[in-house]
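Chain lettering (A, B, C, D and E) follows the sequence in which the chains are written, and residue indices restart at 1 in each chain.
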Amino acid sequence: MTELLSGSDLCLFRGDRCLFTALEFALNTGELLVIEGPNGSGKTSFLRGIAGLLEFETGTVRWSSKRVTDDYQGFRADIVWLSHKVGCKADLNLLENLRFESGLRATDEARLQAVLERLSLSRLTELPLRSLSAGQQRRVALARLLLARARIWMMDEPFTNLDKAGHSLVEELISEHLADGGGCIVASHQALNVDGSTRRVSLQ
Amino acid sequence: MTELLSGSDLCLFRGDRCLFTALEFALNTGELLVIEGPNGSGKTSFLRGIAGLLEFETGTVRWSSKRVTDDYQGFRADIVWLSHKVGCKADLNLLENLRFESGLRATDEARLQAVLERLSLSRLTELPLRSLSAGQQRRVALARLLLARARIWMMDEPFTNLDKAGHSLVEELISEHLADGGGCIVASHQALNVDGSTRRVSLQ
Amino acid sequence: MWTFFHKLASPPHFYDLAAKFIPWFGVIGAACVAYGAIAGLFYAPADYQQGDAFRIIYVHVPSAYLSMMAYMIMAVSAAIGLIWRIKLSHAVAAAAAPLGAWFTFLALMTGSIWGRPMWGTWWEWGDPRLTSELLMLFLYFGYMALRAAIDDTTKADKASAVLALVGAVNIPIIHFSVEWWSSLHQGATLVREGGPAIETGMLYPLLAMIFGFTFIFGALLLGRVRTEVLFRERRANWVRKLVLPEGDHA
Amino acid sequence: MNQPTLNMPSLSSGFLSVVRRDVLLAWKRPGDVLNPLFFFAMVSTLFPLAVGPSSEELAFSGPGVVWVAALLAALLSLNSLFMSDFEDGSLDQLILSPQPLPMTALAKALAHWLITGLPLVLVSPLVAITFQMPAQTISVMMVTLTFGTVSLSLLGSIGAALTVGLHRGTALLSLLILPLAMPILIFGARTVSLAAADDAVSAGVYFLAAYCMLTLTLAPFATAAALRISNE
Amino acid sequence: MNQPTLNMPSLSSGFLSVVRRDVLLAWKRPGDVLNPLFFFAMVSTLFPLAVGPSSEELAFSGPGVVWVAALLAALLSLNSLFMSDFEDGSLDQLILSPQPLPMTALAKALAHWLITGLPLVLVSPLVAITFQMPAQTISVMMVTLTFGTVSLSLLGSIGAALTVGLHRGTALLSLLILPLAMPILIFGARTVSLAAADDAVSAGVYFLAAYCMLTLTLAPFATAAALRISNE
């Protein structure tokens, strides 16, 4: 069990407000880190900060014992980000979108097909994404996670718009990923039932 | 207990696909209508159809025993719509947004203040909406429901992005609205705990 | 050396230091301008071609020169802010832009007022000097519009800094590219090989005006940066101490 | 429970709410007002630059250039007329509000004119001066520009409603609007040229006024219909 | 578990993916390609209409008008360069992909040129003919337009990156870009005019080529920096 990611002395401002100060966190391989807190407590901002999309006021995030800022490109190859938004083109169909992802991440066609099977999306490959329902679009976003082969999954409210089957699918995927030696950071208001050790960070 | 809304023989197509045919529903005062179904089964489309934003292939929706199309303006004054999207201007602050709603719906300032109290939004009135977190924005959308004084609430996944406090707040609001003689149509994947009789429509 | 800069970049220190400099700059500037104005308007000989119309030179040239100077200050402080993350220098850039725009505007106005008797037209399209000055005004406007469009100060700082730098790369290009077109405008008069091509009776007031304008610009800039700093640090303790009456800052 | 009719706002209150909101939004981001103005100024400076400076030339093509610049500035700002409403879900709310949709459409077009057209009319004399336009021509230009920009805002609202949600940027919209806007441009520029030549201008002004009235009565209904369709 | 380095794509594969995706998107909605073209055609017909048809006039102002029309068409299409990526969350994904961001920015600008600039260059002879431009002038015009549109796409990507997410439409973007684009316009139009007068054109062409090279090397970095900032 090695350390994947850790942060120390983190402090974040949004506008005038200080969301948190002196926050610490650590994530090891095979672990799940759950970020909790009521609405507006800063979960999304925290995740964006770790990913380098926002700047922390103070503090450093370490990845494989380097500072993230020292090898940001390497770090980016090792994380994959599931946000509120789907992050795919509404005018392209499923296959075209995922092929594009493969190009960015250097994965192959066989893996793509396997992922489609796994998420039971194979039936929807022809429709442009904008015609899919809210929940179907979320599943496409999940496909990116599986495609990317990154060790660190960062998920912001992964259960949004998913039905019960989708909910347990996500839990299953996370469990498998942890068993496989990956790590996962999740911000969610809903309970997670996952095999693997869980850490928590609470914001308020 | 009078009938608020009913539909008969409804059939809806999206693209090539028939989402449902010969669907019936009815909603009386004090009742909750829950629309269930897995992702992509057509819940959102169904709601939009009832509101008149989409056209049904066949069938009619009746409101106070008139066809909705016969008095569409009157119908619009009697419904209020909570969708996936917040439907407020991100550059205006909370108060400016809700004052605009009041202008459209002819409600007064006192009611507005009461609503803000009720949703514990009073603290956030100065920030432009875009600076609010996902969950805070959903609460603003809820404020519209209370402001509108419409009898029929149509809600598409009202629990999205809300924390536990927000979740129970929504249930409370619905219960009160039903007790007050209103009706409510909700599409949601999460369980609802509401005082009042509940009907269900299942799509698949 | 490094600690000096570090200290200078600390907002409260800068705030105090600027307060000490402003009156000096203001007094020197006013004195130079007073001398330049009196000497230029009353004592300098009238131009043998232009008569008294030439006297507008005493406003035109200083403002034209400051319009470029202000851009350089803005671009350099934007670069410093972007590279070393010094917030103070973003404040300097933000404060310099409107001043620069004003001086550009002044140069355009006076130039075009001057152009009326000289060239018989308020404005001449396609003259390189005129056009590049106008483009510079647009660059300032773009900078300020971008700033105004972004609510978040830190984000506005960074985004506008990128724009200022891109614009800085382009200023020489704008300048030289429009030189392609033949110019009505005066060539270099002051700074050129073989010394200034202008009579000393006209020259000294002009130099005084240039110095005077520069010092006044300095005073205005420092003043604006002070307000900017005060606004940006409105949550900091030192500002509270400064603003709230004694014993009232919990 | 409340009577549904209680919710029905007076026509004017709903209308004014929409206008007030849009103007307030423009106030919050003054760029919306200033940018078309700068664009107007820029386009009118581009032409002389590109075509080459010769002042008789300029005086001759002045009215045309000012009008084209005004038309383009108006076109560019039209794209955002309903777009942000569509994207943040306000459009659903506007359509479902008890306010008649054509009234709302009219209010949106009026607000658009207040934000972009009016400032443009007010600033046009400045540009005209750089083209050495004489004073009486300038007043004719302002009158024709007023009618013209009102018509453009109204026509544009139809185009904006048809293209909202297509994410095509301004190009498709311009394509739809230009044929309808062409008479305004031709008459506007022509009338100003006539004024510059000290000729009679009333025919042109009447035409523009009539065109303005026509769009004022028809455009709101077309816009409302287009909005319902685009928002499906 | 997989090594992180496994995920690192080759530079060219990532670059090509982005270009291919954007061109594919344009293919799915051909309006993106066609609209700027129609716009180009319309603006170049508007001017003669507004200014009045007199054929020496036209031949004289032809190069200027063609260049202004090209510039405006390019400006108009720029607004959407990063906007849809920002709105659907793809921009987060692009920034967080292991691909160096300046490469991605370059790929986006190249795709933009392929979609809007190249068709414009190819169609420009048609417009030129309506202005009675002789054949050897047309070839000069096409060469200068090529360099010019490439530079515009690259410069424009900076502006688009700076304004993405501000919802200000094209106006702010134009304000930022026009001063930078002005030298291109002046040189482009000027060189074509010189060609029409049978004068030497190489200086102008060299300038445009040099400007193009400069933007090609610097713009991707500025765009990448701007994207990171705008996406905060």
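The working rule: a residue touches a chain if its C-beta (ideal position, glycine included) is under 8 Å from a C-beta of that chain, and two chains touch if they have at least 3 such contacts.
Note that the structure is predicted; figures quoted are calculated from it, not measured.
The chains other than chain D, kept where they are, remain one piece by touching.
Just to note, of C-E and B-D, the chains joined by more C-beta pairs in contact are B-D. Centroid analysis (C-alpha atoms only) places B farthest from chain C.
Centroid analysis (C-alpha atoms only) places B farthest from chain E. Separating the CA-averaged centres of chain C and chain D is a span of 37 Å. One finds 31 Å separating the Cα centroids of chain A and chain B.
For the pair chain A and chain C, the distance between C-alpha centroids works out to 48 Å. Counting partner chains per residue, chain E has residues 29, 84, 87, 166, 168, 172, 175, 178, 182, 186, 190, 232 touching two or more of them. The multi-chain contact residues of chain B, meaning those touching 2 or more other chains, are 84, 128, 131.
In chain C, the residues that reach two or more other chains under the touch definition are 131, 138, 141, 145, 149, 152.
Here chain D touches chain B in the complex through residues 1-2, 4-10, 13-14, 16-18, 20-21, 24-25, 28-29, 84, 87-90, 92-100, 231-232, going by the rule given at the top.
Those residues of chain D that touch chain E in the shared complex are 29, 31-32, 35-36, 38-39, 42-43, 46-47, 49-52, 60-61, 63-65, 67-68, 71-73, 76-77, 79-80, 84, 87, 166-172, 174-175, 178, 182, 185-186, 189, 193. For chain A in complex with chain E, the touching residues are 29, 51-55, 64, 73-74, 76-81, 83-92, 96, 100-106, 128, 144, 148-151, 180-182. Only residues 29-31, 34-35, 38, 42, 45, 48-49, 52-53, 55, 58, 129-130, 132 of chain D touch chain C when the two sit together in their complex. Residue ranges of chain B in contact with chain A, taken from their complex: 14-15, 37-44, 84, 127, 131-136, 138-139, 157, 160-167, 189.
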